Amino acid sequence: MTPSSEYNFAYLDEQTKRMIRRAILKGLAIPGYQVPFASREMPMPYGWGTGGVQVSAAVLTPDDRFKVIDQGADDTTNAVSIRTFFERTAGVATTTATPEATVIQTRHRIPEVPLTEGQILVYQVPIPEPLRFLEPRESETRKMHSLEEYGLMHVKLYEDISRHGHIATSYAYPVKVEARYVMDPSPIPKFDNPKLGDCPAIQLFGAGREQRIYALPPYTKVVSLDFEDHPFEATKADHPCGLCGANDSYLDEVIVDDAGGRMFVCSDTDYCEGRQSDGHRGKDAA
Amino acid sequence: MIDLSNVSKTFTLHNQGSAVIEVLNDVSLTVSSGECVALTGASGAGKSTLMRMIYGNYRAQSGAIRVGGVDLVQSEPREIIQIRREVLGYVSQFLRVVPRVPTLDVVAEPLRAVGVGSDEARTRAKELLAQLNIPERLWSLSPTTFSGGEQQRVNIARGFAHPYPAMLLDEPTASLDAANREVVLSLIEEAKARGAAIIGIFHDEAARTRVCDREIDVSRFTPGMSSSSEAIGQYNESAA
Amino acid sequence: MTPLLSVHDITKRYGAHIGCADVSFDLYPGEVMGIVGESGSGKSTLLNCMAGHLRPDAGSVVFDTRGHGPRDTVTMSEPERRMLSRTDWAFVHQHARDGLRMGVSAGGNVGERLMAVGARHYGEIRSKAVDWLDRVEIDAGRVDDRPTTFSGGMQQRLQIARNLVTGPRLVFMDEPTGGLDVSVQARLLDLLRGLVRDMGLSAIIVTHDLAVVRLLADRLMVMKDGHVVENGLTDQVLDDPQHAYTQLLVSSVLQV
C-alpha cells in the first residue's frame, strides 16, 4: 500500500509531533516522571492505544521498521489495525520480528528477545498514575510525587498480602525509577518487570485519555517495590510452551475444548514461531 | 505548707447587671505540716469558696496563696496541675469520674498520675477500698451507679491514695456510718502523723474535735455576711 | 522548659471576615489544651492554622522539633511540614471518614504512617498494627476488615490508632467525640485520657462540648468572634468564669 498524500507523515501535523517530542524529551530527562501533554483526538477509541499511537507517530521516521504487538501477539485486531494505520499514513516498513524492528508499539508485554541499543519500545498506558488506586485527588498525587511520599504505594501491596497471603498484584506492578519516581509500567505482567531496568532500548509510555507521557532512557535503574519479608518475584505459569517447548517465556493459557482441556503457549508469537522454525517442539505441537 | 496572705474574692455576674459580690476579704492564714485546721462559720460564710480558692479552682482577686512555697494566684495552669498532682490533694463532696471506668482504676489514678506502676497503684487502691468497706464485687464496676455513701467512700479512697503533703477535705465524714466514719478519721490521723498539712470543713463536731488542732471562723473574712455568696456557690457547683 | 508549641499572634481573615485574630499561647510537653466556643467562633480555623492545613495571614507557630529545636512551621518548607504531620503530629478528625482510608483494611490504615516513614517489613508492620488495635480496644480479628464494616466509635478509635502509631508528640483533635453516642463518647474519652497519660502526649482539642474538655483538658481557651476571651486552668474557667461570654456559655449547659 502506498502512503496517502492526504495525510501528513504519520498522520499527526508537525506542530503536534513537535509538542509530543518535547514531552518525550522531558520524560527522558526525568525518568519516571509523568509529563502532561495535549493529547489529540485519534481515529480510534480511547483504550485502543491512542497514547501509544501518538508517541509512535512522533518518533517514527521514514527509515524506521515498525512492529506492533498486543499482549505479545502481532496478529490480533488491535496490533494489525495500528500497524496498517502507520503503513498507510507514514509508509514505513513493518515487521513482526523483534530484532529487525526499530520502533515497537506494545500493549501489555515486553518482547522475549532482549531489546538492543537503537530500538524504541512504545507502551500503551491506560492509567499512568500508580497512586490513583488509593488516592483519587490528582492535586494530592502530584504533591506526593514531588515530595517523594510513597508510603501509600506500599499500603496497596500490604493490602494484597493481608488479603491473599502474598503480593497478588500480577500486572501493572509498581516500580521505582532511579530511586526517585514511582511509576506504573502499564499493565505488563510482573514477569516482564525485570526487563524494564538496565534496558539498552529507549522505553516510552503514552497515555492518551489521561494525557501523560513518561519514559525510561536506556540503562535506567528500575526496582520493583516489595517488602523485606515478601520480596518481589517475577512469576509465570509453571509450564513449558505447548508449541515451542520454551521454559523461559511468559505463557497464555488457552482453553481448547468444552471439556476443560487447556494448553499453555508463548504470549510472544514472534518468539514462539522463531523457536518452532528452529526445530523446537512442545507437547501440544501438531 | 499552706500559707494565705491578704486574699480576697469577688464574683462579678456579667449577665446579671454586672453585679459585684464580695465574698471574702483579706484572708490570711497559715497551716503547717502535721497540722489539721478546721474552717468554721455559718452556712454561706465562704468556707467552700475559700477551700476552692486554695485548690486553684476559684480565682483570687488579690493576695497570695502559697502551697509548698508556690503562689497559686500567680501560677500557670501547668504549675497548678503539677501542685495538684504531687502536693495538694482535695476530697470534695462530689465524685466526678469518667463514666464506665472501673472503681479500682478511679482510685488508682492519682498514683498512676505521679508515675506509680499499674500493679502497685492497683494494690494500694485495693487496700483502701477494702479498708473503706467497699465490697470487692463492686471494684470492677463504675462508681457512677453507686449509692451516695459508696460514692463518698470511693472519693475518699481516691483522695488518700497518694500521700499528699497538703490536703483539703470538704465534709469527709458526711453521710458515713459509724464504722466508716472511724476509718476516715484514722486515715486523717495517719496523714497528719506522716506530716500532711490539712484544712477541712467538718460539720461533724465530734470529728472536728478529734482530728483538728485549731479552728478558723471564716465569717470574720466575710464582708457583711450576705447570703448571696451561697447562691453563687450553688450556681457554680451545678456546673461542676 | 521549652514550650512544645508556641503560637504568636495568629490571624486569619476570610476577606473582610475575621477567622481568628491575634491568638497567642504556649503549650508545654504533656499539656492538654481545650479550645471551646460556639460555631463560627474561629476555633477550627485556629486549629487548622496550627496544624498546617491553613496558612495564617500573620503570626507564627513555633514547634520544638526533635532534630532542629524550635522552628516556625508557617514558614518552613512544605515537605518539612508534611513530614512533621506524619511523624511528630497527629490530627484526629471529627468524621472518621476524613481521617481514614475507607477502602483499606484496618491494618493497612494503621500501617500507612509506618510505611510512610520507611517501614518495609510486612510482618513487623502487621504486628504493630495488631498491637495498636488492641490498645484502642479493637479485636485483633478485625485487622483485615475495612473500616466501612466498623461502628462509628470503632472507626474513631481506629483513626486514633492510625494517628498514634508513629509516636507523635502533639495531637490535634477536632471534635473527636462529635457525632458519637454518649456511651461511646465516654469510652473514647477514657481511652484518650489513658493514651495521653501513658504516652506523655500534648494535645489541642477543639470542641463545643464542655464536658469533654472538663475530662480531658488541663487548660482551656474560650473563643468568641475570632478572639480569645478567656484562658486558664480548665476547672477554674468553668467553675469561676471571669468573662461575660464564658459565664453565659457555662450557664447555658443543660443539667442532667
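When the chains are written out, they are named A, B and C in that same order, and each has its own residue count from 1.
Note that a contact is a pair of C-beta atoms (placed from the backbone, for glycine too) under 8 Å apart; a residue touches a chain by one contact, two chains touch by 3 or more.
Just so it is clear, the structure is predicted and the values come from calculations on it, not from any experiment.
Undergrad: Based on which chains touch which, give the shortest step count from subunit A to subunit C.
TA: The distance in steps between these two chains is 1.
Undergrad: Where the centre of all protein Cα atoms falls, which chain's Cα centre is nearest to that point?
TA: The most central chain here turns out to be C.
Undergrad: Please flag the chain sitting at the greatest distance from subunit C, going by CA centroids.
TA: It is A.
Undergrad: Please report how many Å separate the Cα centroid of subunit A from that of subunit C, as a whole number.
TA: Computed value for the inter-centroid distance: 46 Å.
Undergrad: In angstrom, rounded to a whole number, how far apart do the mean CA points of subunit A and subunit B lie?
TA: The separation of the two C-alpha centroids amounts to 76 Å.
Undergrad: Could you tell me the distance, in whole angstrom, between the mean C-alpha positions of subunit B and subunit C?
TA: That pair's centroid distance is 32 Å.
Undergrad: Can you check the complex and tell me which residues of subunit C touch subunit A?
TA: Subunit C residues touching subunit A: 78-79, 82, 86, 101, 103-105, 107-108, 111-117, 120-123, 125-126, 143-144.
Undergrad: Can you list the subunit C residues touching subunit B in their complex?
TA: 28, 30-31, 183, 186-187, 189-190, 193, 197, 215, 218-219, 232-236, 238-240, 242-244, 247-248, 250-251, 253, 255
Undergrad: Under the definition above, what is the set of subunit A residues touching subunit C in their complex?
TA: Contact set of subunit A toward subunit C: 134, 143, 147, 149, 151-152, 154-155, 158-159, 161-163, 227-230.
Undergrad: If you look only at subunit B, which of its residues touch subunit C in the complex?
TA: 11-15, 52, 56-59, 77-78, 80-81, 98-101, 112-113, 235-236, 238-240
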